[in-house]
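Working notes, structure below.
Chain nomenclature is as follows: A, B, C, D, E and F, assigned in order of appearance, with residue numbering initiated at 1 for each chain independently.
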Amino acid sequence: MSEWEPKIAAFLCNWCSYGAADLAGVGRMEYPPNIRVIRIPCTGRMSPKFFLSAIREGADGVWVSG
Amino acid sequence: MKIIKIDKKNWASGLEDLAGSYRLFGPAKEEEFHNFKALDQGVLPDLTCLNTRLSPKSLIYPQSEVMFEYSLDESQEDHHIMKEVDKDYSPRAVIGIRPCDVKAFLLVRKNFDSPEYRDPYWIRAYEATTFVGLACEAPCNTCFCTTAGCGPYHEEGLDLLLMDAGDNFLVKVITDKGEKLLADAGWDTEVNTDEAAKQIEAKKQAAEAKISSFVTADRLKEMDTVELYSAPFWEEVAFACINCGTCTYVCPTCWCFDIQDENRGRSGMRMRNWDSCMYPLFTLHGSGHNPRDTKIQRVRQRFMHKLKYYVEKYDNGIQCVGCGRCVRLCPVNIDIRRVCYMMNSYGTSDNTCAA
Amino acid sequence: MLSYIDKIRETSARLLKDCSVEMVIGFRKGTVPMMNEPHFAKTAEAVDKLVWDSNCGINLANYLTNRQEKIGIIAKGCDSRNIVTHIIENKIKREQLIIIGVPCSGMIDKRKINAMLDGEINDVVEDENNITVKGNDFEKILNKRDVLQQNCAVCIHRNPVIYDELVADLVEEQEGVDRYADVRSIEAMSSEEKWKYFDDLLSNCIRCYACRNACPLCYCPTCFVDESRPQWVGKSQDPTDVRTFHFLRAYHCAGRCTDCGACERACPVGINMRVFTKKLEKDCLELFGWEAGMSADVRPPLDTYKPGDPDDFIK
Amino acid sequence: MPKNVIGSVMVAGGGIAGMQAALDLADSGYYVYLVEKGPSIGGRMSQLDKTFPTNDCAM
Amino acid sequence: MEHMGIEPGRLQFSWVSSAESTKFVEVVKEVTEAIKALGPNEHFLKTKAKVA
Amino acid sequence: MGIVKRKSAYVEYAQAVPLKYCIDGDSCIYIQKGKCGACKKFCPTGAVDFDQKEVTETLKVGSVVLAPGFRPFDPSKFDNYQYAKLPNVITAMEFERILSASGPTMGHVTCLSKDEKEPKKIAWFQCVGSRDMNKCDNSYCSGVCCMYAIKEAVIAKEHLGDALDCAIFFMDMRTHGKEFERFYENASEKHGVRFIRSKVHSVTPVTNTDDLEVRYVTEDGELQTEIFDMIVLSVGLEISPEVSDFAKQLKIDLTPGNFCQTATFSPVQTSKEGIFVCGTLQGPKDIPQAIIDSSAAATAAGEILAEVRHTRTKTAEKVPEISVTNERPKIGVFVCRCGVNIAGVVDVPAVAEYAASLPYVEYATDNLYSCSQDTQETMAQIIKDKNLNRVVVAACTPKTHEPLFQETLVNAGVNKYLFEMANIRNQNSWVHKNNPELATKKAKDLVRMAVHKVALMEPLEEAELQINPTAMVVGGGISGMAAARSLARQGYETHIIEKKSQLGGQALNLYRTAKGEDVQEKLSDLIGEIETHKKIHVHLDTEITDVEGFVGNFETGLSSNGTEETLEHGIAIMATGATPLQPVEYSYGKDSRIVTALELDRKFIENDSGLKDLNTAVFIQCVGSREPERMYCSRVCCTHSVDNALQLKKLNPDMNVFVLYRDLRTYGERELLYKQAREQGVIFIRYTLENKPQVNIENGKLLVKTVDHVIGRTLEIETDLLALATAVIPNRDDKLANFFKVPLNDDGFFVERHAKLGPSEFATDGVFLCGMAHYPKPIDESIAQGQAAASRGVTLLARETIFTSGTIAETDPMLCSQCGVCVSVCPYSAPSFIEEGPFAEKAQINPVLCKGCGLCVASCRSGAIHLKGFDNDQIFAQIYALNEAV
């Protein structure tokens, strides 16, 4: 690969950001392809374990969005 | 018997020569404590330490040891097959190990090298190693080796025994392995054996005299196991214990391990890690049942194993070399000497006195 | 100190005698210098073994978890705060306890003392202000203030916050101590320096979990590091796994840690893991104005959500 | 109301309106006959690509 | 996290309601940029255990 | 439509239901000439039967709902547009097919001329077959063409890039629906669609090419010509003669436009009892409005059949669920192309091939449209044949399609929770269309993550829950009452909660409907029925203080003049309505002659004698609407003002009546009023947002100044009455929205579940909406939506029980350390301590109260709580799968 592309684990709330992500798709809005979405039922589900383990497993960043 | 003298001036150069044919290990100080480390080029073992904080058992039996690798990738031909990993069993030499720690390997060997089972990793590592012991001139106040089947000048398990004699080291040659190491190092100044032996004996007496701490284990073998097991003092012994497992981790004679697989994506490895009978998970069954569910059972197990079951099974004394590490490092001051005393004197009139 | 011991024994004996409690949990004299052993007394004979000195650093609240009987417990400031947390978290009922409060003047740090001396210590004698240490060929008098455990040196809750009996008059609380100098110095580091700092800090860890087990907050039936379904923290000494353990252990103590120092004291390899918990303790104080274990009536801030909670970190 | 009321409804037209009415009726506990002239239901909406204002797929 | 030496920017939080697709896209861009700027994650990677 | 040749054996479209081939009698050689019959020979299942004859069946039903729909206007007869002759003049329906991925060009926009070139310039002509008495008889407005033309223009640009020139020739831009105005604004501002206000005179082909020359007159009267590659005729909707004949047979009254005659207060009732109407037969309309009145028709039919509910229905047979316990995961992966939506960006076969290489994947394939019925059936068959026990579908988004695919699993006997979707459309192909390589990579990552997760999924059970058969309607306006009436007529106890001391809402201020009915009279009839109905309980002067519970079992705290009570109900309908804007412009408040539209209605209601003495009256439209801070059309005001203008003319035919407007939006048959007003001499003058009318009071004279758009000169009108058509402002109630966890949009209207398909319900189960709280609307639409909300509610109430989600938290008492964090932290009070038994004092979770948010799981230090479907190991599996396996 020519340029390093970060891989970001995105923990998205099913009801909020996940919906927004879908809507962004409907709106055909372009954004960088670096995020890998993990759907969680609510940001309350997010646990530091997930952050740590994502980082441990080689994610370059973690984004939690409610 | 052969005794060699090494002028301390030749110490460093000899070690340097050895580094060509051996991987060298020795005590090294890090911050406040000594531990055994692989010695980098030109680094001398620190022989001033009383004893290392952690026992050298990890040199032969690492805390985490990978045994096999495997792949889960079904497109690979050898998927789901355990493959042995390559390990380095080239000759190694441990310089400056204490007699008690070396004796401990012989105790552990009962487990890893028995007629029923020979543990390939342990045995190969052990056999690749030449032990250059350092006699204790100034034992710690928690050392009780002399009553634990060992001593500051104990030779069992050693290939060479080194003694500090001012400008020189006196070296007692115990095995051929030791002999070879001396040759590789170019230390070959023989001394008058008789004279040196006398000198050594005197030093030995002096060192042993300095040991004030002891265990009494004379009755353990003959005692009734079930009676001892059901003794009421275990509640008191176990009360303070926090199940941390420090005692087993620092103990040179504890050998239990646990096998775990660690997966990384579609490959993984099978490794063994030290385990401890102090941990609740140690005996947890797959069913969820745990035969040693309570702390008191686990504490009892540790002492019964070391001081009764081992004694009975191997007729080889207690499973302890008196290094005193567990006594010094137990965060809540559970003292094996005291427990041993309580066990040994159980059923007699006097079994409450602390060591 | 001696007067403390007499009062402790007298109180304990009384409570046992009138059957207010079935056992008293305290300390007995240790078998090595500067160590005492947690001990329970059910009989008069055992009561006579109870002692008190500056080597009672282990947090006795740890011994209360899920006990069913009526217990008398000797509690210094930090112990009492952890007893409060235990009560909040249903680990013991207030009614089961008679708390024998001990105003504390700090526990001594044997590592610090050992480091100050060359030889082995055979005996230690202490009075009000001084510690006399004796070895084979030396004897040295140290000012107690200079050899306190780090956490005791910056402690501002030396008196028990909750008690039924008191063995002595309350001591004056320390004022103006700089509790978080160490945390601040880490905060000031760059990410790279921090990384290095913690790498060094944890390099000796042998994962014996003494810190976890000495901590009264750690009472889960199965600790996350021991879970194997899924096993997401490796059990070897892999530095990442070691760090994950320490990090999450600290995280689990967030809003609950009283900085009693039991973890650090218990560590066989001398890791100062308090730098993790203290950071969280400091954050809790700054963000929520919270100090753990001060009242049995309030739930810790991280257990509850309030609309006013700080959310500056969220975009 | 006469007593011999029949608990079924005929919906004429299988477009979006007919389908919705049929679904509502069926979910409300009535038997529905959905009658459509063509070979499949879906009506005009199935010929649309996207719908305004969200540009959702009409399918 | 930050305290331990993981760069603060590696973990990002945001609130985006399901209607705010524009904000979503903005935040994705921001987050990606921020993490790109930090470069690859080099710490806390679980690497293959050493063969001991 | 004949864009391309259809084979005589055909399927209507890829997702058709039922998806069966049929034979086109018009082109089949066998049917036409008695020869061939090849299909019969080759069909392996012997499904072709030429002997099928028309059969007549008689159905006995309790009620009939008419939804026959429309046919697009056929523009062949317009010789000036030469639709029939020129290949590149097409209808909007044909253009839809060209845009569609499953259409004849696979979504590639090309001209229909032989060269099949990509067009560079496309023009849309509005009002083809609508608002036109000249070339056809359709004087009504079709109501949908403005929006679909804009949509087509925007999507065409999306397909062909911004360089494509799109021009829309229109008379009035009628974007009066919810969120339409913003769409219009964006089309012009962001996408650069050109809007040209002109009715095109004629189209002539450019010699020797298929290009088209368009001649039109600009607003200032200049004749212009422009050349386009393609012309799309925005054809209107009309009722086909068969339908109107059928209606006449049924003796159903029709309107002049051949739509069904209905009354404002009973919008889906035909003139024949027991027959109801919905969809375009009721009037030209867009999808959500059709959905609303079809639900309304359903409830209207249900109202007369309430007592025989459940007498004819049968319970569906369930496919027995196979046990997957102790089975090795056998995963099937279906990668959807979604036409070109996904396949146009992502290399779908590569993803499927990659999926096949993943652990436990036994089967992987790609589908053109995974959601189409035949694919669904094929998938179910594959699951059965291959004994799959886990399924991953990589397609659009679980938010819309998860239930569908779960149903497929159920049909194959697999527990529906053994399923995971990888979102490779909404969150991948649609947003990374310029980066196909990375998008394919991302799709593989997402599939891998889903596969790893699904391997760990366990079958889950759903708890059954009783529904309280009581409804609560918030708001006692027209739509709220309509909803309550329907619910009560269907047999459900209904409570109306009204803040004010009187029922009626805004309707109390209205004079006449567009159809000429007297609002006050009809309103009092409705109120009368509400107040006397046994099943309706009206709570006036009442506010909601608190809401607890969930679908089927809400508990709402009510407060009325200091008395508190708790109402238990199974569903809730939000009908909180709207109020008119109090204007601050046009000197409102400075002169008694300046009134709002509703104040004018008041004068009519009170029979104000001064009205007929006026010499001049001026109406100003869009007061507060379609402004940057209120970017929506208030929908009702154009019709209202036109009608009031007519009323004034009726009182005094000599009165000078002016309507100052921006776009006149008398949609549907309301257009007839507009026409009538023009005929009666009402003068309509257009103004622009940049150049609003000026109102001055000089020496007691009320003067309105505006620029006439035709002559381009400033006019000054001295008037005796100035009526301001003020914006409709929702009664925004954030507290209420919060109580029921339902969203509000930026304008303060509630956000429905789906803009098209779920206009009367919320994403939150058991909560519905209607009336002006949804969007401004006239009385008939408000009533229809009230009925629709009731209909949607009844579908829940009639079920009597519902199943809760299987995605809930559960404690493992063996691991619980009873610290109480979960009990303290849960916002829904789901966890509690077990009181007795072997696990006394450990925590447990009430599956009904649990929303599956996972807060307790994250808070549990002991790891004793599991969230089914999103458990630690499942999320970890996804995390571990983030990177390609080492």
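FYI, contacts are C-beta pairs under 8 Å (C-beta built on N, C-alpha and C of every residue); 3 or more make two chains touch, one makes a residue touch a chain.
Small disclaimer: the values here were computed from a predicted structure and weren't measured.
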item: Common touching chains of chain D and chain B; value: F
item: Chain hops separating chain D from chain C, counting only touching neighbours; value: 2
item: From chain D, the most remote chain by mean C-alpha position; value: B
item: Chain nearest the global centroid, as defined over all protein CA atoms shown; value: A
item: For chain B paired with chain F, centre-to-centre distance based on mean C-alpha positions, whole Å; value: 77
item: Gap in Å, rounded to a whole number, between the CA centres of chain E and chain D; value: 48
item: Rounded Å distance, chain E centre to chain F centre (Cα mean); value: 38
item: Multi-chain contact residues (two or more partners), chain B; value: 63-64, 262, 264, 271
item: Multi-partner residues of chain F (each touching 2 or more other chains); value: 431, 814, 872, 876, 880, 883, 886
item: Multi-chain contact residues (two or more partners), chain C; value: 222, 224, 232, 234, 236, 238, 240, 247, 314
item: Chain C residues within the chain B interface of the complex; value: 30-32, 35-40, 58, 62-63, 111, 114-115, 120, 122, 204, 206-210, 212-214, 222, 226, 228, 231, 234-238, 265-270
item: Complex contacts: residues of chain E adjacent to chain A; value: 1, 6, 9-25, 27-29, 31-32, 34-36, 38-41, 43-46
item: Of all residues in chain F, those that touch chain A in their complex; value: 158, 397-400, 423, 425-428, 430-435, 438-439, 441-442, 445-446, 449, 807, 851-855, 857-858, 867, 870, 872, 875-876, 878-880, 882-883
item: Touch list for chain D against partner chain F, complex; value: 1, 5-13, 15-31, 33, 38-57, 59
item: Residue ranges of chain F in contact with chain D within the complex; value: 11-13, 15-20, 22, 59-70, 72, 93, 96-97, 99-103, 107, 147-148, 150-151, 154-155, 177-180, 182-183, 278-281, 287, 290-291, 293-295, 297-299, 301-302, 304-305, 307-314, 338, 341, 369, 371, 396, 490, 754-757, 791-792, 794-795, 798-799
